[in-house]
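Heads up, there are several structures right after this.
In what comes next, chain A is part of two complexes: it sits with chain B in the first one and with chain C in the second one.
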Partner chain A sequence: MRFSVSKKSRAVAKADAGRERRRRRRRKKMRETVKLISMEGFEFVIDREAAMVSQTIRSMLTSPGGFSESKEGVVTFPDISTTILEKICQYFYWSIQYSRGKETEFHIEPELTLELMMAANYLHT
Partner chain B sequence: MLLERLSKKPPSLVDLCVRLAIDNVRYIGYVGGVDFQLLEKILQHCTLEQLMHIEDSTQDTDLSPVTNELWKRFYEKQYGAKNLSFVMEKMERSKVSFKWRELYEAKLKVVEEDEKEAVDRLKQRYKNEDARKQSRQTKLCAKTPPMKKPFWGNSGTSYNLSNVKSNIMKKAKLDVLKSQEVKNLTAIKRNTIQKSFSSPSKRTGLSANLPSTSRSNSCGEQVKNLNAVKRNTTQKPFSISAPKRTGLSSTAPSTSRSGEGNLPPKRINSFLGTAPSTSRSNSYGEGNLPPKRINSLTGSAPPTSRSNFGEGKLPPKRNSLPGVAPSTSRNTATKRKHCIVCMRASSFELLLLEDK
Partner chain C sequence: SLSFKMERKTIDLDQGWDYMQTGITKLKRILEGLPEPQFDSEQYMMLYTTIYNMCTQKPPHDYSQQLYDKYREAFEEYIHSTVLPALREKHDEYMLRELVKRWSNHKVMVRWLSRFFYYLDRYFIARRSLPPLNEVGLTCFRDLVYNELHSKVKDAVIALVDKEREGEQIDRALLKNVLDIYVEIGMGQMERYEEDFESFMLLDSASYYSRKASSWIQEDSCPDYMLKSEECLKKERERVAHYLHSSSEPKLVEKVQHELLVVYANQLLEKEHSGCRALLRDDKVDDLSRMYRLYHKIVKGLEPVANIFKQHVTAEGNALVQQAEDTATNHAANTASVQEQVLIRKVIELHDKYMVYVVECFQNHTLFHKALKEAFEIFCNKTVAGSSSAELLATFCDNILKKGGSEKLSDEAIEDTLEKVVKLLAYISDKDLFAEFYRKKLARRLLFDRSANDDHERSILTKLKQQCGGQFTSKMEGMVTDLTLARENQNSFEEYLGNNPAANPGIDLTVTVLTTGFWPSYKSFDINLPAEMVKCVEVFKGFYETKTKHRKLTWIYSLGTCHLNGKFDTKPIELVVSTYQAAVLLLFNTTDKLSYTDILTQLNLSHEDLVRLLHSLSCARYKILLKEPSTKTVSQSDSFEFNSKFTDRMRRIKIPLPPVDERKKVVEDVDKDRRYAIDAAIVRIMKSRKVLGHQQLVSECVEQLSRMFKPDIKAIKKRMEDLITRDYLERDKENPNMFRYLA
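Showing the complex of A and B:
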């Protein structure tokens, strides 16, 4: 598991106070969605509930320690390509649907199989 | 969220992916970077060729921790558990361990080589058998071997080995030439040569000789007789002599019938003289003599008679007897044929006699 403990949090330290105020105002909203960023820089904004399907993301977002991920609700995945990340997000939503009773089939393109498997393994999903 | 009932836990993405990978294992190539535990799950379902392909496509990663066990299983399946245990013991003893894939490939090579050898041996056997059969077959030959030289003065026992260079081949050729079949063939050849070499004047003498000799002698003696004939024909000049036994002319037909070959033609000639009949009767009882007597006859025979009586007809007369043809021709028909033919001719002659 990798947390991007980075310059970001340090750089933001100064402006943190300001942001915190803004965040409190947008907390509800912030709490509801999470941003996942792929290696190409694509940003996927998904529900927090959906993101929590992945154990890795869940621990990232809920860990105590003041990591930027938990604060910002943004997680970057420099190892995961856009197509795969997209598929993963789709899986999140399918998983919630499935658990709510709508049992359909989750189709995966064969070309993505191995990569998706590797990413899913990393994300503990 | 607490109120939500999680009726069924959805399958994890990892599981889904693994299932899909197993279904499409034949399309898998490069697997570098994949977790070994996952890889193990997937590769268990692939065949030998597929495993080989995956390993070869993933050159940058050593998959042995995963694949070694798999190769061991393949080895056992192919070559038996006994062999497996044997190989393992060997490795333990020599404290060397090889990758099972390498062992498998080495074993495969050995087996292939053995098979190839066996196939080659079988092929060779078939070839040998074929060659043996071919050598036994009689083959048609378009042309006769060339005559080196005339066999004059040839005792019949010297063989031409000038072509043969190696000693072994000389011996082999000698054996062949000494065999009965070849002797017969050479004898026949000599007959034809004799006939071709003999002059027209000598023809009757020779022709007369041949049938009588054949009749009186066995095949093996032909050569001797022919030689005698040759000697006689070459050495003795023509002589006109009246036959000593004259009373036998009445018996001529019987003697001729008894089987002389070409004498009938002589008889025709002898109507002008009785010589042939007498000679015939004599030859019936004698072996080698006939040649000589006939030679004496030749003096009185067609050539001389022809010249004396100016009968150009004689040769044609001879030819008119169909049975006589063989004597004058270069035909290498057997002597027996001559005899039969001459017998027929003799009967025809009888008719002629009667007519006259």
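Showing the complex of A and C:
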């Protein structure tokens, strides 16, 4: 069965960097989403849970001390293209579903394989 | 879709390291508490990415090894420039606080840096079999900071511990944090904690308590010293819970126990006025419980306490025995026997009292059960005023079970006493002697209808059976059964008489037939019975032959009872007498006056028996016969006359015959049985072993027989010789100390 993009993932394509998020009163609130920005500036807002499939992102999010409010959970990947980053986001969600028992195939376009592998290595996924 | 090739600019080592330095510097500023914002996700990822890129670049730009080294150097630099100087300038508690802070910081630094450098952990360290980043970081601290300071730190910690021991308040959380360093720095092993701290702490604790103990043992009473010891142990356990590592508990407790309780054990327990002996004497139950609690955990700690307990109980028991002995020698015969019964009661009370000690103070510990048992075995086997303990106990039972003995007590109280008596029997070595005395007295109770309560009779037999086995009680049970059968038999006899009126002897006759094996042996000799009685015997014999053939009846007249109607001047009185007494009195139906010799010839009795009989009828409470001369004792030249003037308030009186002293006979019978028992034991042992040495044979014999009695070694040797002459055994020709079984 072909994988279809989950409703939860949103791809927001904008030319400029993301909107400034409003500063909230409660400082220690656990963000439910993180924003991943590709080299071209495309923002992918995904669930925190999905993002943590990547060990690298997980390490960062669980570091002691916490992050400053305005930039929390926002990561730019200057070395990862939008296409790859999108595929990676899809992979995150597929991985979660798979671990919950929905055993489907994850299809990878052959031409993306190499870059995807390198990105996976980088992200420790 | 678009296809990109990931092209990155090669990062030069210096360039890359400069960037990393900014991150490291930022981290250091945060740790030092300087105003510095936290890392944000961008910065984090940048640092991570820098390392990642420098490690994944193609050679010669693959800088993994250099980065690995620079990672370590980052810590070393920081430690040398900042951490060590900060620690070196402080002392004591301030130094400890600084150390805790620096360690905590260090761990944070390791956490952060190892995340940035994380890519090295994934492949590089495994490929080169190097320690992982976490370990490298901790090792730096250990090698540079810990190794320099641990001794000084240990001294500071121990000083605070001793301060707390003296009652001062200290910062426990600080100590816990410091000691956690020793544990953590071991990186999975407890060696650092144990060697660099614990061993010194234990030495210090030992010497601290050694000093305390040496002064307390002089100043304090035993209970006070024990209270202090208990308190100290409690406090030391709390100390472990608050800041020491849990593994220190058993070691520390052992040291404290050793200094306080083991080193001075003797002095403590033997303290003149407050030691173990005194506590027992004064019934200081709480103090004794404490003593048990304290010494229970020490190897072989309870042995001296149990010993003193045993000595104390033995002394108390011996005192009771001595008391009874003294009373017996100073007073008349009947009060002496009362004293003996009092003794048994007191021994039971003593047992109850100290059993409570064993169960409650000494928590049912086997050592104390054993001590109590051994103590009782010592004094329970002493003789009092010529009576063995076996006899005393049997008499005690008799007094409870006979009519008029203990009617004031409730059934429950009686049951309880019987239970306790049977328990005492366990301590008596001559159990067979007890059995024989008991049997004799039981016979008297059963035959003369003196038993107060059938249920109690059966109950004690059940208890004896449980404790000593079926063989012990089989004869006694047979005796009780005989009585039941006798009642049935009597009914048949009366039926028989009803059907054969000609056979009726004209006297109400009740016969009890005993099964020989069950009952004690009785002498029976043929007294010349009066004619009326002869007829009775004949009639019963006739009846009995209709019931069973091939059985011989042997009449035991000494056990019979007779009711005579005495026609005295004032009023007729019914006399309840023994058959022998009746035989004497009936002679006076035909003659008014008879001499001693006359009676002797007519009845064919022994002098001993006749004197006894005549005494009971003429010199005791009821003078049925008048004796001439009216001296207090019967002599062979006396003569006797019917006392027609005799009268009494009652219409029926019982004229007792003082019982013959059975003690001698019982002892004789038991000795005889023992000879057979020893023979049987020797033969049984030799039959199974075939060949055995002298010593071993004797000791096995003693063991086998110990359930019933303590055999005399000389007696065993004698029996062995006897068995040799009877060709059951032979001595080995070469070794006269070896014996062989002859089939």
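Convention: the second predicted complex is superposed on the first by the 88 of 125 C-alpha atoms of A that agree within 3 Å, B and C clash if a C-alpha of one lies under 4 Å from a C-alpha of the other, contacts with A are read in each partner's own complex, and residues count from 1 in each chain.
One rule holds in what follows: a contact is a pair of C-beta atoms (placed from the backbone, for glycine too) under 8 Å apart; a residue touches a chain by one contact, two chains touch by 3 or more.
Predicted, not measured: the structure shown is a model, and the values here were computed from it.
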| item | value |
| --- | --- |
| Partners on chain A (chain B, chain C) - clash or fit | fit |
| Partner chain(s) touched by A:Met118 [first = chain B, second = chain C, both, neither] | both |
| Which superposed partner A:Thr83 touches (first chain B, second chain C, both, neither) | second |
| Superposed model, chain A: greater residue contact from chain B or chain C | C |
| Partner chain(s) touched by A:Ser95 [first = chain B, second = chain C, both, neither] | first |
| Touched partner set for A:Val75, first chain B, second chain C, both or neither | second |
| Touched partner set for A:Thr56, first chain B, second chain C, both or neither | second |
| Gap in Å between nearest CA atoms once chain C and chain B share a frame through chain A | 6 |
| Chain C-contacting residues of chain A that also contact chain B | 118, 121 |
| Touching residues (chain side chain B, partner chain A) in the complex | 1, 4, 6-10, 12-14, 16-18, 20-21, 24, 27-28, 31, 33-35, 38 |
| Sites on chain C touched by chain A in the complex | 1-6, 8, 30, 37-42, 44-45, 48-49, 52, 56, 108, 111-112, 115, 118, 122 |
| Residues on chain A engaged by chain C in the complex (per definition of touch) | 56, 59-61, 63-68, 71-77, 79, 81, 83-84, 109, 111-112, 115, 118, 121-122, 124 |
| Residue numbers on chain A that touch chain B, as the complex places them | 49, 88, 91, 94-95, 98-101, 103, 106, 108, 110, 113-114, 116-118, 120-121, 123, 125 |
